[in-house]
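There are two complexes below, and they share chain A, which is joined by chain B in the first and by chain C in the second.
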Partner chain A sequence: MQRRLANVNMWTVSAAIIMILLFLPNLTIVTGIFSPANENWAHMKEFVLGSFIKTSLILISTTALLTIFIGLSLAWLIAQYQFPLRKFLKWALILPLSIPPFIGAYTYHGIVNYTGVIQTTLRDRFEMNLNPSFFDIMNLPGAIFIYTMFLYPYVYTITRIFLSQQSASLIESARMLGKGPWRTFFQVVIPISRVSIIGGASLVVLEVLNDYGVVKYFGIQTFTTAIFQTWFGLGDIESSIKLAASLMGFVILILMIEKLLRGRRQYSYSTTKVRPLPLIELKGWKAITATGYGLLILSLGFFIPIIQLIDWMFLTLGTIPMGEFLTYVKNSVTVAGISAFAIIVFALIVGNFSRLVHGKVAKLLPKLTILGYSIPGAVIAVAVVTAFIALDRFLAPLYQMLGVGTTLVLSVSLTMLISAYIIRFFAIGYNSIESGYDKIGTDFRDASRLLGVGLTKTFFKVDVPMLKGAIISGYILVFIDILKEIPLTLILRPFNFDTLSTKAFQYASDEKIMEASQASLLIVGISALAIVIFYKFLEKEPD
Partner chain B sequence: MFISIQNVCFSYPNTDRSALDQFSMNIEKGEVISILGRSGSGKSTILRLLAGLEKPTQGTMTIQNEVIFDGKTFLQPEKRGIGMVFQDYALFPHMTVGENILFGLFQMKKAEKKKRLAEVLELVELQDYEKRYPHQLSGGQQQRVAIARAIAPNPHLILLDEPFSNLDAELQVKIRKDLREILKKANITSIFVTHDENDAHALADRIVKLKDGCIDMIGRPCDLLGIHPQPAPQFVPIQETRELVSV
Partner chain C sequence: MKKALFLVLAFALVVLSACGNDTPSKETKNKETKETTESKEVNLYTARHYDVDDQLYKKFEEETGIKVNVIKGEADELLERIKREGDATEADLFLTADAGRLYRAKEDGLLQAVSSDVLDEQVPANFQDKDQMWYGLTKRARVIVYNKETVKPEDLSTYEALTEDQWKGRVLIRGSENVYNQSLLASFIEINGEEKAKEWAAGLVSNFARDPEGGDRDQAKAIAAGVGDVAIMNTYYFGQMLNSEDPEEVKVAKGLGIFFPNQDTSGTHVNVSGAGVVKAAKNKDNAVKLLEFLSSPESQGTFAEANYEYPVNESVEPTELLKSWGEFKEQDIPLSVLGDNNAKSILIFNEVGWK
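The block that comes next holds the complex of A and B.
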């Protein structure tokens, strides 16, 4: 008891408050399980739940394997070898992350469908009339392709940063022990980067489980589409909460598997000396293959859809007024910027708490808060709306005192949307910050405290500067994710508040695919710019 | 008595085995103590407990009659005035040598800081390295910076965790000599843990041999030469002729 009491300080208190706020909406889902089931739910359980689970399992497992394959192989090439265009590919390979999968989905569909560039060219130029079903991507393999091409950067970035900063002595000693590059890769690189790989892949899996745009557009039945249908189609919010609860169970299972795969090891390293990995120069066909592979993935995940979008943009130029568009840009950047900042600050506090306090509870609680990521945006939206209306009621006397004419203040403000983003995307920021903390270990903090510097000052003078990479990469990931978000924004935005993503989605779902290209390109443009700007801070090439 | 450790016990969370069992010893000011033992014998644990990085399950520890730990008190590491040199030095990679050393001197005035920095850099013979970053130094130089950083705030006690384990053999002998000179010149009480008998004999005024978390033997290096393990005396009287050095 005494040991615990001594640890109660500012960090514990702030972390506890943050975790409670993040966790509350999840509780509404949990309580939903215990509400009595209606006939819709009985029907779903008997006839369709099994197929949702099967489809979702195929989607996540295949996508996870493919993103690991692509992400890890690229990370290894870039971290270990020198070849033409390496420096460009190093950061450009993150760019596919700037394209929301739903935009990727409708763009690729536009490219390969009957009126798309491929089939038209084949017909007009080469007089080839191939079976259109050959080009059909609106199916499960198609969705897996879309997810893989636009989500692999999660595995790539996290693993590459790990490999280039932390693995030098391990990889070098493997080589000194006579292991060739392939054996080094399989016997050393994969095992030591296990945490990064699993961290990246679990983000991919969670993204896929949450996605609404792609599966809706391709007509694939998953948990998320079912939740929307039950809620908005059948008007049955109770059953949709039960579905969300099943999805949450699914995610808890995944997080448990992740934990199991990470193992008991504490992932800080035997050395605190951070030394970059010296590059090995590739020559001849090996160099060509490496460059070609990188360019192929980059083209599929970025250049091809971008070229198509630019083409569509020119076709529809002038149909949407510029002033309107600038407002969408401003709105998008403001909400994403504020939310991402808050998430990183919260993640730093919770991460530091988890590191300071020993014990299972302290390690488990942050894991629970990141469950917000597993809950579909629409369900978080309901929970947040309920909470904010209650808060407004509670604050009503204060509003009266201040002479505000209405009882709904917070629940019609941007605060609500930003809170929902924080709950939803905390996991992304936290994952990045947590692996940053893992990487620096505790020796630097201990050294600082023994030099007489308190915990809080140590945090600002030692931890934050050393976590710079994790902070910046976490910020980028969260910022881009919020920019692309749809369901939460659609439901919780204040009246007349439109962002680029809500506009793009509205056009695409109205089958105005070409019109959607302008907003889509702006989302991609801003995200890509964020990547390029922040890239400079992320990692400096060794001299 | 400068430092007193009485009946300290400790076990790591989630284990039954105690890492340290009823550990007691007294240390005089200016003494260089070596804790010798195999890995897993609990020697690093003693340093972490003294530093305040771990909390004993029971026992009492005092420095200059100030209680740093007992059943009621737990003084946070930053309040103890204890310096530590980590096994892999833990030099802040984002700070220069000078900034690393100045890190613990935040309470001093500017002129005082500058003077102290020059002093400790001279002590470890690294006057020209103030502007370098840790990764631009050799292992031996990094270690000397770590020592300078720990000594700079004038701690009551300095702890060294396996100070020679990262150095090559030739350097070890030189640094061992240097370290003894530095410690004696600075007149700082110090405890270092090692698994190497030669280190302990070359450096220490007294040696504590640890086995399975208990004291196996304790005494001056010359007394322990060639002795087979025997039960440790409860208390080792300090030679009265020893000249106690004041701060």
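The block that comes next holds the complex of A and C.
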């Protein structure tokens, strides 16, 4: 009995520590909401805030709906049916995630603009001069397209894992009861995968809310614009943090509504054997449609921009210094690898805690740690810098004892950057792990515990094996996300530390998208490699 | 399944060791040099992201033996980092591509005055801060480019004239979040007063060919596409397009003429890249040396050539391309007003609905 208690304590205590550490930097932002409103705030409210908020709402709701539509339909096809290229599409459909949205935006604009390949070909080959506004993607629908094409994999990955591993018995029952594919989809698949759908879509929404690159380039004014306008333009970081805090408040509200919507119903494994769903073979035009649909999405989200980037790479080969690129690759992979590993470990601990405790408040706590994902990275960066400088000052006596000549030690090392990644991307890892925990429920753990197995041993022997899919997908999502991350890497890196994403950004921000192609392609290549390694070789299917 | 976990772990370990061999050892090396020979490095926070800058830093290191450590970022974010780091900051020199940001750094008390005969000789007085807190290094002009087929240079005169009715639906310019536009309006606030500046902004908005979108290059392309006839853009973007690897971009640029406005009145708007020594700098002397090096005749040539900017050092000639555009009269205002009026221009942009 005593040992068990000790175990519980170890888990809860470490989970609590992790959550506090993740939440602490956000605290400086949350408190910003109480700072008094000044004249800048009044100005923003009078002239722009209303229309910015409206634009943001349209942007996130439309993007969320479209990513759910695409992500879920693809997940359903892959999980339920057999058709040509299915195995390839299964992992390839995650690839669009490897393209940073701002690079995607620059690339698509590069394709369709006046000097782009489409208009040039029409002009030179067919002597056609079409109305240029026809090709204009730098507007709200264009931004929705960009975000949808490069972010739908969040929904796809999370729901596919859920559908293919967990839902077999329910869907099979539906089939046996004579429900057609459509009714099965709407009456069984959507309700049971609600958690994963919402989990994936909320990542999309948060990503759209915190992104600034795409909307800035397209000239679309969103809530994020307001945050940066008050900070950069008006030099008023207090108002800007107040705005960010309001955004966090909005996100907390959404999270609470989501928890309520999720309600009491739980769908967890009911048998000990986690079987994959037997696939139904599609034939004829149905098979062609399924393959065609998958390829269409993959082309829009991956092949088309990649081909353009490769073309640019050849155009600019030799015009930019490439000598250091190996170092950039190493730097990128290092920080992404370490941070993703830490995030997954933390997410497992916190997720387990969330299962162990009872009560609504305790259940909501872990959710709060994902707040960092809702606001622009640059704002998080300020909070992280502040926290680390305070920490360094606190540790200064220790540094002196050790004979280090400076006060700033941690905040000029990679520790600060990696911690910032963990704070920011914990949401991604946690969402994956949480939906994994949701799926396995508590029955098996309870059985194991009843048999007298300790909590920690149960965790490793029972939970972790069943969470395998969630761990893998979580790790990959986080790894790729960090690989392409920009604002944090830019501001929080130590001296002389360049990564592929800072390099890509360096050129793109200077309107040199062609020169940015080399670094962008390397980001994509490494991400693709990670996806292939994990999915092709690890997630073996019996079929 | 265990294998899966094992592989994840192994991957992380490989990654860890790959870096473990290198990054920390580099750090310790840095620290060692810091302790033994305090003055053999200089730490730079820069908002300029050009490859040519790195080459110059390397050259500086070769010539002086002083290593340049660099963090590249966005100006405002770097400023905030310096501010939060306070006295403990590692930054010695802050370099950015906008006079407004230099002004803000000075106002926030982040910079210190440095006096150097070399700098005074190399950087003209009007491109220095009056308290010698920062020094300009390169200049860029914000000019009008026009469609050679539909617009005659005689039709153009001033920025202000672009608000006249004949330009309705023909003017292209990027969004107001862009600092070059903010500085442009800030200069008008100084020259013409806030009311007139606001009238200008409102007038220009009503002549827009479309809602602002994209960057400076995109405005030039929109002229070629027939969306509008004139665009306001920075000189170096025009230079980059003329020398682009993409033949289509070159074609676009060749169809455009470049016009330096306000030659008979207040002069063409000019902004600078510049740098100031951080107040809490630990390697102040080295920072000054780097400033002197960057404004020296030989570096100034490299700066200008690679990025189609104008050197501030008057002993250095601009490149052939820039010379072919001719000499021009610049706005005669202290550059610090660009920073001083920055917030006012944001408010005006919002009020007149310049997206």
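The rule we apply is simple: the second predicted complex is superposed on the first by the 524 of 543 C-alpha atoms of A that agree within 3 Å, B and C clash if a C-alpha of one lies under 4 Å from a C-alpha of the other, contacts with A are read in each partner's own complex, and residues count from 1 in each chain.
By our rule, a residue touches a chain if its C-beta (ideal position, glycine included) is under 8 Å from a C-beta of that chain, and two chains touch if they have at least 3 such contacts.
Every value quoted in this text rests on a predicted model; they were computed, and no experiment measured them.
In the superposed pair of complexes, A:Pro465 makes contact with chain B and with chain C alike.
Of the two partners chain B and chain C, more chain A residues are in touch with C.
Look at A:Lys216: by the touch rule set out above, it reaches chain C but stays clear of chain B. Once the two complexes are overlaid on the shared chain, A:Leu451 sits against chain B while remaining clear of chain C.
Contacts of A:Asp443 after superposition on the shared chain: chain B is touched, whereas chain C is not. Using the contact criterion defined above for the overlaid structures, shared-chain residue A:Ser35 touches neither chain B nor chain C, since it reaches no partner. Contacts of A:His358 after superposition: chain B is touched, whereas chain C is not reached. Of the two partner chains, neither chain B nor chain C is touched by A:Thr289.
In the superposition on chain A, the residues of chain A contacted by chain B and by chain C overlap at 465. Residues 13, 51-53, 55, 71, 74, 76-84, 86, 88-94, 103-104, 106-107, 134-135, 149-150, 153 of chain B are the ones that touch chain A when the two sit in their complex. Taken together, the chain A residues at the contact with chain B in this complex read 2-3, 6, 270-275, 358-359, 443-444, 446-455, 461-462, 465-466.
Chain A meets chain C in the complex at residues 40, 43-44, 47-48, 109, 113-116, 119-120, 129, 132-133, 136, 138-139, 216-219, 221, 225, 228-229, 231-237, 315-316, 319-321, 330-331, 333-335, 337-338, 340-341, 344, 378, 381-382, 385-386, 389, 392-393, 404-408, 411-414, 464-465, 468, 471-472, 475, 487, 490-491, 493-498, 502, 505-507, 509-512, 514, 533, 538. Against chain A, the residues of chain C that register as touching in their complex are 1-5, 7-9, 11-12, 15-16, 18-19, 22-23, 27, 30-31, 34-35, 43, 49-51, 54, 69-74, 76-78, 80-81, 84-90, 104, 174-175, 177, 179, 182, 210-218, 221-222, 224-227, 237, 240, 244-246, 248-249, 251-252, 342-343, 346-347, 350-351, 355.
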